[in-house]
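Each of the next two complexes has chain A plus one more chain, namely chain B in the first and chain C in the second.
This part shows the complex of A and B:
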């Protein structure tokens, strides 16, 4: 019994390390690779690896294989989330004795309630884990900026990847009853509306990606600008103080923290929620459920008869 | 260390990010949703089983209650019939005793009446004899001579009979 409890505690410690160490590693990478810079610098993800050394890194659209800290931080966040899942679901009991089992059940039930409320009960089983993954990855990626590292969500490519996946899922669900019904979902209201429908359909991944990226990135930009302005103001007001005392940007204490609460925590969580919500609404709205069920039961009926 | 532009998009990064979300979906499904759903289903099954057992026990209790009520009613009816039987038997026994006592009393009364009649008759006989004796001695004294008692008695008897006849005629 004692032996078991001790090994359980050991596994707990390992899983907590699995959650915390990736964040520490991200901070260490950031500190080791940040060049000492002067002035205001607003730039995208740092490139750690490039398959083509002569690649033009300032191009808006590129096809070279590069690994930036957006990817690295994404992977570290994924490891953290997996560790959290393992930690929460370790040692589940039929009669819950631990707080973390309550947390795990609360998460699952809340996400399932969200999915069933927005998409109907038909999708709960298949879609709840995906929505949970979107929420967790987006929220924790945005929260990465709290520990001072590059938030993967302020990289357009990262968010665009999620939006493309969501678009593929939307299309797959819309086309699940054959191409005829898929085409009819656009053209049912006449040719003029059909053109608009196609444009809005194609715009979906772009709007999702730019909304998420723009909100997080703009928060980061405003934070940097305010911090830089406060530093300038500080040296202007307090510069007369002798020696090193005048160099300390005392005015940076306070306001950036309040901005961080809004941009890093509130906006990050909100964008995660919005992204998940739009995913559910687009997929649930595009899916011809009645048609699907009718076909499904029609296909199942002869099988049952035979 | 170089950086990308703020607004830049890279095909490989898009693909990697897409794959990342797909992989995290599988991880979350495998390590969070499956275990929690399993334990919830297990709990639901247990709760269902408990409910079924409770329903069964309740149905059994109700059946038992019906049975006991029936049995109680049967016992009460049985007790009632026992009491009625006993009362009937007692009444019958009492009647028999009463009849017996009455008939015995009647017998006693009749016997007493008979004895009284006998006694009366004996007393009449006695009186008659006394009268005969008395009249004999009185007549003997009056006549001064002794007449035979036998004759005398016959005479008196005839006289008395005559008297009786007269009395009957009256």
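This part shows the complex of A and C:
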């Protein structure tokens, strides 16, 4: 019994390391790769690695294969979330005794309630894990800016990848009853509305990607600009103080922290919620549920009779 | 050389002007979100017990109404921080 408890504690420590080490690695990479420079720097993702694997095709494919810190950070976030999930779901009992099992059950219940409230009970089992994954990945990616590294969600490529994935899922759910019903979902209100429907369908991934990216990126840019402006202001106001005292940007204390609460924590969590919510609404709204159930019960009835 | 300088100056000025004009789009979300919050306040005044549901729906709707303003903000930030550099390089390489 004692040995079992000790080995369980060892596994816990390993999983906690799996959660924390990727974040430390992200910070270390950021510190090692940031050039020492003064002044305001607003730029996109830092390029760690760049290669042109097919130099012969250079005329056709003119871009290099680049690995930026947005990609590296999003993989580190994924490893960290995996560690968190394994840590929360270790040693599950039928009657929960540990705090972490209560936390895990709370998360699962909340997400299932959200999915059943927005999409109906039909989708809960198939869709709740995906929604929870989207929520966790988006929220933790945005929160990465709290530890000072580049948030993967302030790169358009990351969010555009998620939006394309969601668009594929929406199309798959819409087309699950055959192409005839998929086309009818656009053309049921007449030809003029059909054109508008197609346009709004194509605009879905663009709007989802730009909404998320625009919120997180503009928050980061505004934070940097306000911090730089406060530094300039404090050197203007307090520059007459003697010696090193005049060099300390005293006015930078306070206001950037309040902005960070809004832009990093509130806005990041809200955008994760909205991204998951829109995913649920689009999929639930596009899915022809009655048709699907009618077909499947019709297909299942002869089997049951046979 | 003079021509390059003038052309780059025109590009920079037009980028700044374009960023300013793009942010006119901020009017729309301002009016829309103000309207949404006013209606939410009315609803809470009429039914104080529905405060939680009204507030969360309002925040969700505000965040979605904010999208058009954010498109403009993205365009403006790109025009200020990205476009002058790349357009300047393009011009220099063209005129050379």
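Definition applied: the second predicted complex is superposed on the first by the 294 of 306 C-alpha atoms of A that agree within 3 Å, B and C clash if a C-alpha of one lies under 4 Å from a C-alpha of the other, contacts with A are read in each partner's own complex, and residues count from 1 in each chain.
Following the convention adopted for this analysis, a residue touches a chain if its C-beta (ideal position, glycine included) is under 8 Å from a C-beta of that chain, and two chains touch if they have at least 3 such contacts.
The structure displayed is predicted, hence computed values, not measured ones.
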Chain C versus chain B, contacts on chain A by residue: B
Touched partner set for A:81, first chain B, second chain C, both or neither: first
Chain B versus chain C as contact partner of A:217, first or second or both or neither: both
Contacts of A:277 with chain B and chain C, given as first, second, both or neither: second
Which of chain B and chain C A:158 touches, first, second, both or neither: first
Touching partner for A:94 - first (chain B), second (chain C), both, neither: first
Which of chain B and chain C A:65 touches, first, second, both or neither: first
First, second, both or neither for A:33, with chain B first and chain C second: first
Chain B versus chain C as contact partner of A:265, first or second or both or neither: neither
Those residues of chain A which chain B touches in one complex and chain C touches in the other: 42-43, 217
Residues of chain A that touch chain B when the two form their complex: 33-35, 42-48, 57-66, 68, 70-71, 74-75, 78, 81-82, 85-86, 88-89, 92-94, 101, 104-105, 107-108, 128-130, 132-134, 136-137, 152, 155-162, 164-165, 217
In the complex, chain C residues that touch chain A: 59-60, 63-64, 66-67, 70-71, 73-74, 77, 81
Interfacial residue positions of chain A with respect to chain C in the complex: 42-43, 207, 210-211, 213-215, 217-218, 221, 270-271, 273-274, 277
Complex contact set, residues of chain B against chain A: 1-25, 27-29, 31-33, 35-40, 42-43, 46
